[in-house]
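Shared between the two complexes below is chain A, which has chain B as its partner in the first and chain C in the second.
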Partner chain A sequence: MLKRYRGIIRNCFAEELTYREHFIVMLLISVVYYIVLYFVWKAIYAGSGSSINGQTFADTFVNLALTSCLVQCLSSEIEWNIHFTILDGNIIIKMVRPLNYMMYMLSEKIGYVITHIITNGIPVFLVVMILFPGYLHPGWNIVMFVFCMCLSFLMMFCLEFMAGVFAFYTQSVWGISTIKNVVVGFFAGSNVPLSFFPEGLYRIAQILPFKSMYHEPLRMLMDTSMDAHAYIRVIGFQFGWCILLMAAAWILFKIMSKRLDINGG
Partner chain B sequence: MIEIEHLTKTFKVLNRKEGLKGAISDLFSRDYKYVTAVNDVSIHINKGEIIGYVGPNGAGKSTTIKMMTGILQPSSGKIIIDGRNPYDNRNEHLKDIGVVFGQRSQLWWSLPVRESFKVLKEIYMVEDAVYQENLKLFERLVDLESLYGKPVRQMSLGQRMLCEVVAAFLHSPSVVFLDEPTIGLDVAVKDSIRNLIKKLNEEKGTTIILTSHDTKDIETLCQRVAIIDKGTIIFDNSIEHLKEMFGKYRTIRLKLNTDIVTYETAANMLSEKFGQNAIKINGEDFSIEVNEKVVPVKQVLAFIMDALSFDDMNMEDVGLEEVIKKIYEGGAVHVKAV
Partner chain C sequence: MAVEWGKNTLKKIRYYTRIYFMLAAQYLKQRMQFRADFVMEIFGMLIVNLVEFLTFWVVFHSITELGGWNFYEMLFLYGFSLMAMSPQQLLLDNGWSLSHKVVTGDFLKYCFRPMNLLFYFMSETVDVKGFSQWFLGIVMFVYSWNKLGIPVTFVNILLLLVFMSGAVLICMGLLIFSCAFGFMGGATNAAMVLASDLKGYSRYPLTVFHKAIRIIFTVVIPVGFVAYYPASFFVKAKENIPVIVYFSPVIGMIFFLLTCKFWLYHARKYAGTGS
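On to the complex of A and B.
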């Protein structure tokens, strides 16, 4: 069954590689981004001593760099692919394949994400390990990290897929995609650190899955004090949300497909 | 084997108002109307048949095809293709059909076409032996091998369409829908596309449903044609029959020797002899349309040879195009003949 989707993953990845210039520019942009991040925080620390909020420069930089790297790796905004095929009616080409549409989209996202991992994920992790030894503790926890990231990836996919499928009804994805990005960013604590949240909101952020999508996998690599119990708790939490989101995405897709009419003759 | 019985599709559309003010009030409007795109269509198509499905723009062709592929759910009526209902057994059904939309591409835009074929092979789980055999067949019919390594985005439209058609046959489907496969192509490429379709139909026994606005496509490929207008089938029979129903018209074009006889007197002589029913004279290029049901063309020719002096003459059949134009212009006149 899954063999049928292998080719789609391969082609999406190959398509990203086809435009060599684009590929190189993507790589350069991520290099520049991290250089800027480095010097901005260097300057901030130069002005206010060796520690802010109990964190050293290296603490802050490593955390920020790795988090934004994971954000980059997970998001491919698949909803925009869905949006464009709905607008010009080319979605019919995907619909006449004997495939599950949700799996089809998931395969495309995997193809894109592989590119992100190569241009962004692997380089950043390597650089951090070389320049800031002692932060990452690679060992058998890498297996857990990868597994955890896969769950985060699935959750992210479900959110994007739901936003995209919503366009079957609205014909446009811009609004819903923006809302999704804001909500995820806010509750993941990437705009405002979670420790700044008032009590109520902080609780909500703990229950929602967004925080754990980036924060928990990273903790597995960095925090040596995590025991088996903690691992199980994190993975159980993510697993539960994953199932919930997949069910929601599937139900929404089923409802929205009734609303789909194909544009153009 | 395709059986369609009393197929109807109704869409609910918002009655849109004019201008910016209208657009704003449309946001809150509940003023819907129901549009029937396909109305009580019944067709039976045999295995291995090529049927031309024609009709003016907006007649309901694409809607019918979307229902036959299982993408749209019919409002009422039923479709059975190879014993299956396309909408309910969508996954099984889709494995067994191929589709070409002349306006869209099913190939991966930036990759060599070879890669698209490989993915299609995996999607449809085509066995290696079948795949190789099909590729060999395609190579025999058209020269594709030189194209395999070329990215689709760099192909000319003609090259791409050949690949699109071939891609639809890659998994040996039992039914193929070709929606305007020759749109925008030059005469030579149109010809090779028609050849390819005809040969594929013969070799593989595929049932083909072809829509096209180029009547030459229909004439060269189909034995049978179904004409749909305003959602209803108004004709469903052989092309021969279609031409006959509209009378066997022949057109004679004359270039008179005006020193001896003027066009006006010639016209008068002809209409006097045969009457308005039998012939119709078009003044501009002096073409005489003969209705063979009333008078044999031989008789008209004999009269012309005898009574008129002319420099040049030629004679032509009324093509399918003329016939179809007459039907479209006549609106939904029922000329049903089954």
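On to the complex of A and C.
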């Protein structure tokens, strides 16, 4: 049973690495992004002394760079895969195969995300560790970090799957996919650190799941003062949202598959 | 001779305008078929720009200036860059589907029409969400113009139009240039993502960056002309702008035409997929 899914994972993994040009340009995009991030925040700090909201420039930069790296790693936009198969009608082939459609999509995402971790995640974390020593404290907390990131991965999958399944109804995915991306990015704290948020916005960020998906696992690696109590609270919160999102994705899929029109094929 | 040439050009323009409106009407009809999607796209564009504005607002909650620019000056810059990017979004959005069409072989159908290949390919879609971007840009621009107390004179309006046309042409040129990489195989929009990221960075003042990057953004990839130089003319009282900025429509035109040639050169080499 699981062997079939392993094949899908391997295919998607290979697919991401097939085109060298794509890979090189994607690398260039991240490098440019980090350079711009560096200079913009350098300029922000240049006008306002050494610390803003209790954070130095290095604190902010490390935080933003690692958060956006994690967001990048976990996002694979499988809603676009669903979108294209709806447009050309090939979705029916995927749905009638003796596989669970949701598991099928999950396997595709695993393949993509593994590629992102190898090509983007690990290099960025290593570079940050070398350039800004003393921020990451790898130890036994890596186990908890990886566990939390697995939960975040599942949550991100549910969001993308829901966005894709929503296209059964709208036939197109650009709008919902883009909204999802910017909202996740903003409330995860990859544009501005969460400590910059004004009171009201911060409260919203605390209720939404995105802070616990990216910010909290990262804090496990950076903040040595977190005790067992804090760990349990973070994981409990994330677990609750994870189950909620999985249920929502499954229900939405059941409702939407009744509305699905197959275009030729 | 000259009269003949003029007549022909006029005829050509009339022909292309008519075709453009025919294709646009066709596309809008096709889109109205899925009304939910239509609404979602416009809504999505609004949310994207609002969240980006929120980012801005949150940062300025803690600081007073960025690279010597205060909140309203930054808003002016931001509004200008949104307005400059809108025509490209509106007219050239089909560029994003090029690499997919090249790989599947669908692109071949465009090669058999008796007109400019680039024109026909791009005019197939009119991206309506460009309007919502434009609208937001205008709101930000007018609001900050007002707050900064820039005088509304004939010269200012004229120069605004001059700078804007240059910026629009550069944005369009960048999109066409990056889009042409879709012909080189690889099924990738990565070059277009890079170009649109770079255009997005035009909303930061160039003074923020290292000198080397400033030179690159002026000479190699003219991102500075999209918003920074025009905006600093208005809000920074002409300081630090090279004379060449006044010729930005000319630069824009040359850049735009060169990128069109580049695109068409690669399009002519396209041989289909054999299916």
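Throughout what follows, the second predicted complex is superposed on the first by the 240 of 265 C-alpha atoms of A that agree within 3 Å, B and C clash if a C-alpha of one lies under 4 Å from a C-alpha of the other, contacts with A are read in each partner's own complex, and residues count from 1 in each chain.
Operating definition for what follows: contacts are C-beta pairs under 8 Å (C-beta built on N, C-alpha and C of every residue); 3 or more make two chains touch, one makes a residue touch a chain.
Please read all numbers here as calculations on a predicted model, not as lab measurements.
Participant: For A:Thr170, decide between first (touching chain B), second (touching chain C), both and neither.
Facilitator: The second partner, chain C, only.
Participant: When the two structures are overlaid on chain A, which partner does A:Tyr19 contact: first (chain B), second (chain C), both, or neither?
Facilitator: both
Participant: Is A:Ile93 touching the first partner chain B, the second partner chain C, both, or neither of them?
Facilitator: first
Participant: When the two structures are overlaid on chain A, which partner does A:Ile52 contact: first (chain B), second (chain C), both, or neither?
Facilitator: It touches chain C, and chain B stays clear.
Participant: With both structures superposed, pick whichever of chain B and chain C touches the larger number of chain A residues.
Facilitator: Answer, by number of touched residues of chain A: C.
Participant: Of all the chain A residues, which ones make contact with chain B and with chain C?
Facilitator: Common interface on chain A, chain B vs chain C: 19.
Participant: Using the touch definition up top, name the residues of chain A that touch chain B in the complex.
Facilitator: Going through chain A, the ones touching chain B are 3-4, 6-8, 10-11, 14-15, 18-19, 89-90, 92-93, 95-99, 258, 261-262, 264-265.
Participant: Could you list, by residue number, the parts of chain B that touch chain A in their complex?
Facilitator: Residue list for chain B touching chain A: 11, 57-58, 62, 66, 69, 71-73, 91-92, 94-95, 97, 99, 101, 103-106, 108-111, 115-116, 118-125, 151.
Participant: Please name which positions on chain A make contact with chain C in the complex.
Facilitator: 19-22, 25-26, 28-29, 32-33, 35-36, 39-40, 42-44, 46-48, 52-53, 84, 169-172, 174-179, 182-183, 185-186, 191-192, 196-198, 201
Participant: State the interface residues of chain C toward chain A in the complex, per the touch definition above.
Facilitator: 34, 36-37, 39-45, 47-48, 51-52, 54-55, 58-59, 61-68, 100, 181, 184-188, 190-191, 193-194, 197-198, 201, 204, 207-210, 213
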